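What follows is a set of structures for review.
Here come two complexes built around chain A, the first alongside chain B, the second alongside chain C.
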Partner chain A sequence: MKERERPIRILIAKPGLDGHDRGAKALTLALRDKGMEVIYTGIRQTPESIVQTAIQEDVEVVGLSSLAGAHNYHFPRVAELLAEGGNSDVLIIGGGIISEEDVASLKEKGIKEIFGPGARTEDIVNFIRQNVKRGGGQK
Partner chain B sequence: MFDKDEIAQIKKAKKSWESKELKKTLEIFEERKKEFITESGISIQRLYTPLDLKEKKCSYNKDLNFPGLYPFTRGDNPTMYRSHLWKVYQYGGYGTAETTNERFQYTLRQGANELGIALDLPTQIGYDSDHPLAKGEVGRIGVAINSLEDMEALFNGIPLENIDISTTANAIGPIFLAWCLALAEKRNIPLEKLGVRIQNDILKEYVARGTYAFPIRPSVRFACDLIEYGLKNKLSNLRTEICGYHMREAGATVIQEMAFTLANAVEYIKELMSRGISIDDLPQPIMNTVAGLELFEGISKNRAMRRMWARILRERFGAKEGSECLKLTFFGGSQASRWTAQQPLNNIIRGTIAALVQALSGVQVCGVARYDQALCLPTPESVRIATRTQQIISEETGVMDTVDPLGGSYYVEALTDELEDKATELFKKVEAMGGAIVAIENGFMEAEIGKSAYKDLREVETGERVRIGVNKYQVDEALSIGMMKIDPLEEEKQLRKLHRLKKERDNDKVKHDLQVIKEAAQDKVNLVPPILKAVKSYTTIGEICGVLREVFGDYQRPKY
Partner chain C sequence: MPDHIRELVRGMLNGSQNSLAQLISLVENDEWKVDDILDKDRLALREIWRLGITGPPGAGKSTLVTGLVKEIRGKGLSVGIIAVDPSSAVSGGAVLGDRIRMQQYFLDRKVFIRSVTTRGSYGGLSKSIPDIIRLLEAFGKDIIMVETAGVGQSEVAIKGMVDTVIVVLTPEGGDSIQFMKAGLIEIADIVVVNKSDRVSSDIFASEIMGVLSINRKTGWQVPVINTQAINGIGIESLYQEIEKHQKFLEMTRPGSSNMKS
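And now, the complex of A and B:
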């Protein structure tokens, strides 16, 4: 099999104390159905633990989920830590209850896209396929 | 409920109707769907008649009876809303206690009579605002309460004698109770006048929402310390709540909500009985039940739940007929996960329907989720509209003027029966597994709920399940509602308060009180008395949970 046909590897992660992970879990199953390799971290992760898992698991995409208003701290911190470790080619996306104003500032800080309530799996999948850097995250 | 001759006549008439009128109509008009089903997968018949009740062997005396009589299908008491309208509840909190106090004053001016305190996540999990894991989370989805000092500020100028207060304190119930008791003592409020409802159901936190602080078994003991303390000290206005809400929001069907909530409750009952408490001495239970938009399934669920609860406590635990513990009451909320961020004003209509479900099935306290909840914390305007929704239903519609208005509807009774049957079956499956704790530890409950959530997602994405504004009747619109913003400076304000408190209080006393708590935890004795002592010396929640973590350890969640 050619390298580029390898399934896309994704880490779905819940940073912070928020335990609302219905969306994270459902998306994990939905993306697996689309043929991607998806790892779900479980809740209460720190940006440090998320980045560590992302590197260990050699993922190309990190999807961050937050419904408890702490995204402004956690999401940019994940981007920062990935960049510091030379992993800025990992695609970072986010989801949850996030205001338009916050979406704009998160995008400036390296979160490529934010998917709000009601976002369709298909749109998320298309976005990932179009924006993922294949082999990204691999050393 | 009908005599033999009448049943035979109805049967005959139904056959004739099916072969003539119905057949003719179906030849002209095909039905909209091959099969009609409820959200939890129950098949809905075209028409319900006395035959359906006959088939289910429904007996008025055994299955319905009069309100206030076993099995309480029609209500936990004889007059229901004819004596007391429901309590109007609103949940709120953000930033510091001082800021939330302003919101509480506003909420009370709108006519609410139960204040629900939204605690921020660090508080709910037992961390002080200055804990490293609290960074970015302080005052975000609720108010930060570190110590009794914050509780004093939270209720400054609010007369506690005239209202009820409540909170979701599943991991920290005894600490929240201690704060309430200490506050009442300071204000010289007699304990029987202190109306407190505490959501004290830690088990569902391990399957949904995840707001736990300690491993499962010590957490169950901790939750039961609160109930035991209330019983021994005759806190007659203390209600401890079991809760299906968060499991539903995580994707559970109505049937899963019923079965898992009851299975979880059984674990607390077993723990309390192991302490020598008689089942007949347990207080009247209150369950947090959530209404979605399916009117009839929601109404039937609450009726079925009252009956199922009473039957299981009586049959399984031998509770006596007049025992308070048989009479399930409800806090009725609305399923905010069904609210849409798109065309958010439509959620006002959804809230109205959810509240109607609760009114028609007899809940004691009602809370409507605010229309902006899929977007932000509620604004004063959305709080007022939610409050008015509750008041319009209870005071303008007349739906509260008779007890159990839908009792006797062929459909509602058939659905009530079916929900009870299906939920009892699932409950028994959990029991056969070894009970709720086992079903949580082995991942069963979480996986079952996850499957339902995924099914829901797929059905919404294929359009099979309609979400107006999301997969049907979408519009391109700029969001035009006012959005609630939390001042990021609130976190700093809270940290300054906490640091000053830690400097100014008697730290030798705090140290001593913490040691006493630690020893009590090691000895497995009731933790409320030492915690009450500690909160009075302004020991913080993070310090108390810190020593408890040393004894109880941390929880490792099974991999999903």
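And now, the complex of A and C:
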């Protein structure tokens, strides 16, 4: 194993019919500046396409953004599909406009943390660093 | 070889994208070399074709690759894509955005896309590319495309890694003197002038053709193809030229009975 720390690979995706990607793009740039390799796939993704991308790119983290209210379907579906493919060790986080009630139920369904409006990028970065589980190719 | 690596190799050879993706990470992270984990005999058996797509940033490389995927899939062939984007010299991080052009193939099981960062390498490539190509070969892909990060004039490392180099330019690329200079244009097996709906695209294309026609070395006349990748225009002609180049290389390969003396 090399001495140099390998960059964390993260997929930032927007599931569903939601065109508001400013937050996702801002986070993408912030994570890049913190030394992460960020795969950005843009708007209008399905849970299936997100999971397929996560697998091919061998990411350790999936970040989902939703401001359109369909998070209660899309987020858990991503967790479900990742688990079905044997990738339940991928850290899933979410962001967007999500009520406190929904946050609680999403956390029960495998979304590790939800970051709402006003969340600080440092907090997101620290959360990822502390909770990321697998390292490139090694489960 | 540790058991978990052996298991990943077995999984990959049985068609698991999961295992392939994890093996790519291992070679990318310099933890393993392909030579140490793959049986060499296995690789020599199959005929695969490797394409390199290179050119300046924003020329339309990813969109062109997506157009080529359509042609390749239309022929029933499978394809692996390695899309390179630059790592930040400041933070080491990267934004990998080539996939975004390829969305329609995210769920096609015959298309495997992997984004790779340069991680300090030059030439619009990463040093792990040859190993990643070999993993995709072993996985059973018929065609492999390597899309470099956007390059300038002198990034030519792709030449040694693929069979056919496609250089993608846009009509703003300069005059004939630019193409007489050494560098990118020298390694082209095919030149694409993308965004050919733009003003003076025809003049640009003929300037390149002019320079290429007075500098024939290998017996292969480098074609110049006009495309509008985003509208799918010219992609079919491009694919035909790729096939012609493939045939040309097969004919002139040492040992071929058709080889010119």
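In this section, the second predicted complex is superposed on the first by the 131 of 139 C-alpha atoms of A that agree within 3 Å, B and C clash if a C-alpha of one lies under 4 Å from a C-alpha of the other, contacts with A are read in each partner's own complex, and residues count from 1 in each chain.
As a convention for this text, a residue touches a chain if its C-beta (ideal position, glycine included) is under 8 Å from a C-beta of that chain, and two chains touch if they have at least 3 such contacts.
Here the structure is a predicted model, which is why all the values come from computation and not from measurement.
S.K.: Considering only touches as defined above, state whether A:56 meets chain B (first), chain C (second), both or neither.
M.R.: second
S.K.: In the superposed arrangement, does A:87 touch chain B (first), chain C (second), both or neither?
M.R.: Touch status of A:87: second partner only.
S.K.: First (chain B), second (chain C), both or neither: which does A:38 touch?
M.R.: second
S.K.: On the A-aligned overlay, A:29 touches which partner chain: chain B = first, chain C = second, or both, or neither?
M.R.: Once the two structures are laid over each other on A, A:29 reaches both partners.
S.K.: Chain A residues touched by both chain B and chain C?
M.R.: Residues 28-29, 40, 42 of chain A touch both chain B and chain C.
S.K.: Across the complex, what residues on chain B touch chain A?
M.R.: 121-122, 125, 127, 133-137, 140-141, 205, 208-211, 249-251, 337, 340-342, 374-377, 450, 453-454, 457-458, 461, 467, 469-470, 479, 483, 485-486, 557, 559-560
S.K.: Name, in rising order, each residue of chain A that touches chain C in their complex.
M.R.: Interface residues on chain A, with respect to chain C: 1-2, 6-7, 9, 28-29, 31-42, 45, 48-49, 52-53, 55-58, 85-87, 136-139.
S.K.: Under the definition above, what is the set of chain C residues touching chain A in their complex?
M.R.: The contact residues of chain C facing chain A are 4, 8, 17-18, 21-26, 28-31, 87-88, 90-97, 99-100, 103, 106-107, 112-115, 117, 119.
S.K.: For the complex, which residues does chain A have touching chain B?
M.R.: Contact set of chain A toward chain B: 16-22, 25-26, 28-30, 40, 42-44, 46, 68-70, 72-74, 97, 99-100, 116-118, 120-122.
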